[in-house]
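Before anything else, here is the set of structures, which you'll find just below.
Below, chain A partners chain B and then partners chain C, in two separate complexes.
Our next item is the complex of A and B:
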């Protein structure tokens, strides 16, 4: 009796370890399943074209850089570098104007008693619910009148007017959590409204700003539809269009090249995410007021 | 450092039709430390924010250093403010926090550095200059907030309940520090608090506010000894003044005869005119009551119902015979031998007794009070 009791207790002593083992085991298995397509893509980019379809594993039997070499040259007259640079030419200005315009508009909503603020805010929120495809035709016609077709302007310019209601909303929420006294202290120290925003508010809401920049960066990198509509010359294509193009043009698609270029295309977003990750975690506002 | 006066004349402020400040006129002399006290919602913080320029008055004038600043920008008024929550800039080091106002003014770098270090030395912050606010303790943050105010060399310092976020022991320490700093800089200061101990210890002059109106202005001791009405009497002093019901029974040039549930008392009191209603109130501070010494006259009798021993002093709660009122509190020496349910006789220090009429206004004044001096 007493022996079985001690045996029982001995088993229970290991319960936390077993518990952790099972929890992490399940998490690792699910995580692996979720990421498998990504691993497969990276692995596939080092395989030759036949092997991609003949095995399900992602570790290449005969690793080769062929995919990267040929893929980089592309089937067009431009190398893949051109398309990467084109993407950056769209994405970088887009992110910058998005952040600036969203922060300014959010500050206005969060801190100024504008007449009709509630109605304006409701309208802004309504645009979040509006399907983007509804805007495609009127916008296309408008930008054609401007003579902006086949330029990057239709992709970038709208963002200068804080059109992403979601970003504005996100920053407003962040600003509302800031103590008013901090901004009042800045006013007493001699700041005008613009200085309060740039010197005090913006640095404090940096985590939100970085989140906005990161979202916009990733969304714009992945955006396929808008460049497809507005860009017609191949020399201006971003990565998303270039990848699609290489599927179309070649008769027998070289999947290893596409996978290799997809891997490269993925790199900027991934790198940026890991660099910026700590800002999500770091609560920079702590210490502003008591707490 | 120049110090100058603040003058408010008939200042009012309404928020969405609600009158928060209902006409306040006030004079703060150069170098004076004036404390606004009152219960929460009395408008004391709003009044401070009006002086700071964070709010604009609905009517009236605000004059600082002989300039009308009623509608001037906060930074153009020569005022600096210390906030309750400190309101430090979390992304800047202590040095940058203190230097911020000077940087906005566009002062030369060398001058800013010198000033910041001078201020840091006064406040013993030298070794913390490179830290961020979140790495500081509550008291240190408070000192940075004060440093940020000092560095601007303002005409007037404004303090908005600066100590209420600190724990009790630190609060006492910072209170002494603020008093010392005020003496050292000699700057005009306006200080808001709901803590009457802070008000009593720091103030040159106390302004008691209630519901947007000034109840009484005076030095701490004037307010304590000669409250103009029952509200001030109850607000200043801890434990509170005891209030007993009584009836007016006639007065002479320097005394008043009153009738209480335990008989009549003659209270020395000047300039008493017959009140509209005979119902009056007798105010007795806990320390102006004592256990009747052998041979002395007893004014009141009752039973002890509770004893609080604080060490140096003892508070006894006494339920009075015949009276229809709360138990009164008397302050005794720490070693006094009293016990629960003991029957006690009490002697009143009659010249320290207060009288209020049915409308809570003080009835006459104590014999040692000269109204012309205030």
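Our next item is the complex of A and C:
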């Protein structure tokens, strides 16, 4: 405190400016360093391999589409399109059943007096904290008994039962923050609870639904361990497994192909993120901050 | 709103069924399996009950002990650094700056993409012998390090990848910071409290619920790290990045020892449970919830 009393008044007047300057400086330097690996990946996919190894800049000097052409062909008998389509065959149904089941279960929790509600809610939250690896082997054996190995069912079917507590919790929080007059009015008008859910509640909780859909989309795109365990035929591989395969086969020689396919693999997530950033922020903060 | 218990139960039924079938049953089954010598290729009926042998085996298993050690090392380095960094950036961002939305986006993006195989591969290339980092070092005249080939530095690449994903914790901190009433700082300014003191006396205590949430989520996540070691380092060299989830996977699906793998997964579960329990139990001593805020504010302003 003592130095501020003796400080030169002129110096103090400029303090906010210096302060802001420093903040921007820190933010820009860190931001640049953080995004550089992404720039480098995208730039690298338009370079030839020679250039990737000889320059750290991200703008290609002699842009080429070689990486994309060769990478797209892949080292397998299928093109990268097959893996992209496979990914969508997993991700799209997964997102749909997740949203439907999570909304229905959350509605039950948020609007009904159900027996054992406290216990059920505690179990729901416990699933968020439970490490998935402790379930891995019994689930595998169970799905083997079902004859589901090498199909997409083990990846999708559990999601129809609202197994991700985080999503249900997100929607419950959102529903609790809503005033109930509209729903009460709908009941007066003779709607049953399911009609209230589909006609009144669902449109209002749309932001929460979008958040859930986006998070599940991203997580499923990134999911690696589950496909790794359950899928054995290459023709059914999603992008995550195809990329892993590509580094096993061609890493020593063809970085540009791998970088190009990584760029394509990230493109859907990147685009969605920029279009719908707000829903990610709202989704992740809804559970953490009260009020 | 509705009092009909039957209909309410119907809505919650999917969760109850799913919980029993895909969580509770496998959870118990994996403990039972951990007491057997079950093998992946055999029929389950042929497994023998071996009691706690899988657990006593761990005492003799040098690989397990190494894996446990690196797992704790990884978590204890990654989680505190990530939280501290996320909080630091959130505080810097929380002042009325222009373009805050732009920076928030830039910092948040890696945590959305970072879990993917594509990013792990990029990371592998960045740290490779002739990768980005070594090229940059060479330019300023420093001889590169074989990052992924040295036991001392391989883990470093994975830690750095997860630190890179500090954005989601930052976004949560940022929301917490926004919820702190301005007038507290104005009062502190009048009292002549320095910025640093305001941070320690106002910001940090009021942020503890958010810190608690972030801490739990990050701990649980860090103990389950799989993609990083599997793709970037393969757990090596010399098992120096052989995190427990990777060992659980390999024991089960590479060596087919379902019993031992299940036992390892239960050890991981107990570790995470202990950490979460300690956090929940200790929160009454350090987490400052809104209901006590009223009294303490009154006290602070006198």
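A few points about this structure:
Here is the rule we go by: the second predicted complex is superposed on the first by the 245 of 291 C-alpha atoms of A that agree within 3 Å, B and C clash if a C-alpha of one lies under 4 Å from a C-alpha of the other, contacts with A are read in each partner's own complex, and residues count from 1 in each chain.
Everything that follows uses one rule, which is that a residue touches a chain if its C-beta (ideal position, glycine included) is under 8 Å from a C-beta of that chain, and two chains touch if they have at least 3 such contacts.
None of the values given here were measured: they were computed from a predicted structure.
In the superposition on chain A, contact is made by A:112 with chain C only, not with chain B.
By the touch criterion defined above, A:129 lies against chain C but remains apart from chain B after alignment on the C-alpha atoms of chain A.
When chain B and chain C are set side by side, the one touching more residues of chain A is C. Once chain A of one complex is fitted onto chain A of the other, the partner contacts of A:163 are limited to chain C, with no touch recorded for chain B. Of the two partner chains, chain C is the only one touched by A:225; chain B is not. Shared-chain residue A:262: touches chain C; no touch with chain B.
Residue contacts after overlaying the shared chain place A:184 against chain B and chain C alike.
Once the two complexes are overlaid on the shared chain, A:104 sits against chain C while remaining clear of chain B. When the shared chain is aligned, chain B comes close enough to touch A:195, but chain C does not.
Under the contact criterion defined above, the residues of chain A that touch both chain B in one complex and chain C in the other are 184, 187, 284-285, 287-290.
Interface residues of chain C, counted against chain A in their complex, comprise 1-5, 7-12, 14-19, 21-23, 25-27, 29-30, 33, 44, 89, 92-93, 95, 97, 103-110, 112-113, 115-119, 121-126, 130, 132, 135-136, 139, 164, 168, 171-172, 175-176, 179, 192, 194, 209-210, 213-214, 216, 220, 223-224, 226-227, 230-231, 245, 248-249, 252-253, 258, 261-262, 265-266, 268-269, 272, 276, 290. Those residues of chain A lying in contact with chain B across their complex are 179, 181-182, 184-191, 195, 199-200, 203-204, 206, 284-290.
Listed in rising order, the residues of chain B touching chain A in the complex are 52-54, 73-75, 79-81, 83-91, 100-101, 104-105, 132-136, 138, 141, 148, 152, 165.
On chain A, the positions that touch chain C within their shared complex are 1, 20, 23-24, 26-27, 30-31, 34-35, 37-38, 40-41, 44, 53-56, 101, 104-105, 107-109, 111-115, 120, 123-124, 127-142, 158, 160-163, 168, 180, 183-184, 187, 193, 218-219, 221-222, 224-225, 229, 239-241, 243-244, 247, 251, 255, 258-259, 261-263, 265-266, 269-270, 273-274, 277, 280-281, 284-285, 287-291.
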